[in-house]
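Listed below are the structures to be examined.
Both complexes shown next keep subunit A, but they swap its partner, so subunit B is in the first and subunit C is in the second.
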Partner chain A sequence: MARKGQIWSVDMIAGIAIITLILLIFILLWNNTAIRWNNSNDYRKMQTDAVFASESLIGTQGEPKSWESFGNISTAEIDAIGLANGRNELNEWKIKKLVDDNASSYSKVKQRLGLQRYEFGFKVMDLEKEGTYYSFGHFAGALNASVNLDRIVMFNGNPAILHLEVWK
Partner chain B sequence: MKAQVSAEFLVVVSVLVLVFLIIYQIGIGQNINLLQTKDSVEAMRNAYALSAAINYVYLSGDGTTYNFTNTKEANETISISEYSVESFRGKAKVQAPILDANVNASEVGSGQKIIKNNNGAIEIG
Partner chain C sequence: MSRAFIITFDGLVALMILFIAIYIASGQNFQPVAPKGVYLKQLTLDTLTVLEKSGRIGMAIEGNSSAARQIMEATGESVCMQISIIQSTGTVIANMKKEGCDAFEKELQVAARPFIYGAESYYVKAESWYDEN
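And then the complex of A and B:
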């Protein structure tokens, strides 16, 4: 009888151990999947925000439309930032104003472009991407995951590229 | 002999109860996580839907209107701050960025809304 009882117990314990192991593996896989989903979701949100920011820069004049004439970009009177005269046609004065105020207004510009959760930078470059006319913000090092967008624009009557980099 | 079998039986039952309790605790924990994730996902969906609509109207220029249906539920609050749409649902708080700070509404209720770009000012009515 004692032997029978012992074997039964060992069977039970082995069964419980296997079930616990399966449960543990299931929980680990579940958590791993959740982390992956979160990461890809965060990246997708960053992409969406980057597209909206680039649209705001190259597709609008900003709000008010002559915001570059304000002394300080950080003023509450500026509701939105845009660099365009017309769609995809950049206004050099607006870019100059941003670049001149880079140090003092970077955070505010980020917020105005809907990029408050990230870091960002943009460059206006020639089509070959060999020369840079203007550069604003901070750019990601090789270790950071970033969203990179190249938008074709007109700058001083010539085609150019607005390169936008958004990163965490 | 009999007493030995009973002791063994008690040990097995104790182990079973312990395992059951552990599984039950894990199950409850996962269930709470799931409910919080559901709140968070739905809050995010609603906040991003409204912010995308506002951004679309702003980017499309003066005179643009957009017929937006806010599907928020009673336990959710959607408000608009200077730089973002904020959605609160349960313990979840989600922010979705907007491009134009000039929005005339501070809180957005459920149902159909007309979002309009009036010379750069975003009106929600």
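And then the complex of A and C:
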């Protein structure tokens, strides 16, 4: 006489347990890979945005070109921020204007440099990076992942470094 | 005939291959090089521009390359750079390499520009790469 059919046999339970374990391992590995990939893409995007922002700062005058003459940098009339007179030549008045308005215009400056998703700061320093002429924005502590770029510029007729730090 | 079971030998082999593939992929260092390459290119162009605007190419042509070297040394620890000043006849007037840099690594960025000094034409070439040692 045939035995009665039973949905939960030992084989069935063992099979489901093994499949669950395999799926769990698969999901954990896949999740880990996806997180690493996303982090890498985020960092890559931050690097690209930092390079573009540094390029805007040292390669352009901004739009309008005399934006530093406006009373308030946050005005909608300013479309882009640039610190240059010519290629790699920093204009001290433009830097001074930014630094003076640091507290009130930081968010708007971030937007206009395409860095609205991040925090950022820049310093104009001597070639040896021992002295800082001007500093704008906020800088990351050691715990934050940041992109650090040094661009070589002319400042008041002498070579200098524009150090840009972008972080989350 | 053997009883059916969810995990067969074929299935185990296939799953093992899948796990090994995922394990290898998850262990990779996802560090794309493209933005670093763009930055290196910009830094190379910056160096040439500042060398030219600060008059340090002219000084190097006259035999004093220390001022030009000072700018090269400011390009950051991980960056290597070599700058050559070549006369229009092909004679190399100056060849400066950043201290501590040896051979070119995998990624090399090159930028060049013409330069006129004392009615003579020169060609200034900057080559840069990341020091991976």
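Just so we're on the same page, the second predicted complex is superposed on the first by the 160 of 168 C-alpha atoms of A that agree within 3 Å, B and C clash if a C-alpha of one lies under 4 Å from a C-alpha of the other, contacts with A are read in each partner's own complex, and residues count from 1 in each chain.
In this section, contacts are C-beta pairs under 8 Å (C-beta built on N, C-alpha and C of every residue); 3 or more make two chains touch, one makes a residue touch a chain.
Given the structure is predicted, the values throughout are model-derived calculations rather than measurements.
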*When the two structures are superposed on subunit A, do subunit B and subunit C clash or fit side by side?*
fit
*Touching A:Gln116 in the superposition: subunit B (first), subunit C (second), both, neither?*
first
*In the overlay, answer first, second, both or neither for which of subunit B and subunit C A:Ile27 touches.*
first
*Touching A:Glu63, do we find subunit B (first), subunit C (second), both, or neither?*
first
*Can A:Trp93 be said to touch subunit B (first), subunit C (second), both, or neither?*
neither
*asked:* Here's one for you: vertex at subunit A, rays to subunit B and subunit C, all C-alpha centres; what's the angle to the nearest 10 degrees?
replied: 100
*asked:* With both complexes superposed on chain A, which partner does A:Glu55 reach: first (subunit B), second (subunit C), both or neither?
replied: both
_I'd like to know which partner A:Ile13 touches here: subunit B for first, subunit C for second, both or neither._
first
*State whether A:Ala80 touches subunit B only (first), subunit C only (second), both chains, or neither.*
first
*Just how close are subunit B and subunit C at their nearest CA atoms in the overlay, in Å?*
10
*Overlap of the subunit B and subunit C footprints on subunit A, listed as residue numbers*: 19, 30, 48, 55
_Contact footprint of subunit A on subunit B as seen in their complex_ = 1, 4-5, 8-9, 11-12, 15-16, 19, 22-23, 26, 30, 37, 48, 51-52, 55, 58-59, 61, 82-84, 95, 97-102, 120
*If you look only at subunit A, which of its residues touch subunit C in the complex?*
11, 15, 18-19, 22, 25-26, 29-30, 32-33, 36-37, 39-41, 44, 47-48, 51, 54-55, 58, 87-89, 127-129, 149-154, 158-159, 161
_subunit C residues within the subunit A interface of the complex_ = 3, 5-7, 15, 18-19, 22-23, 25-26, 30-32, 34-36, 38-39, 42-43, 46-47, 49-50, 53-54, 56, 70-71, 74-76
*Given the complex with subunit B, which residues does subunit A contribute to the contact?*
1-2, 5-6, 8-9, 12-13, 16, 19-20, 23, 27, 30, 34, 45, 48-49, 52-53, 55-56, 59-60, 63-65, 79-80, 111-117
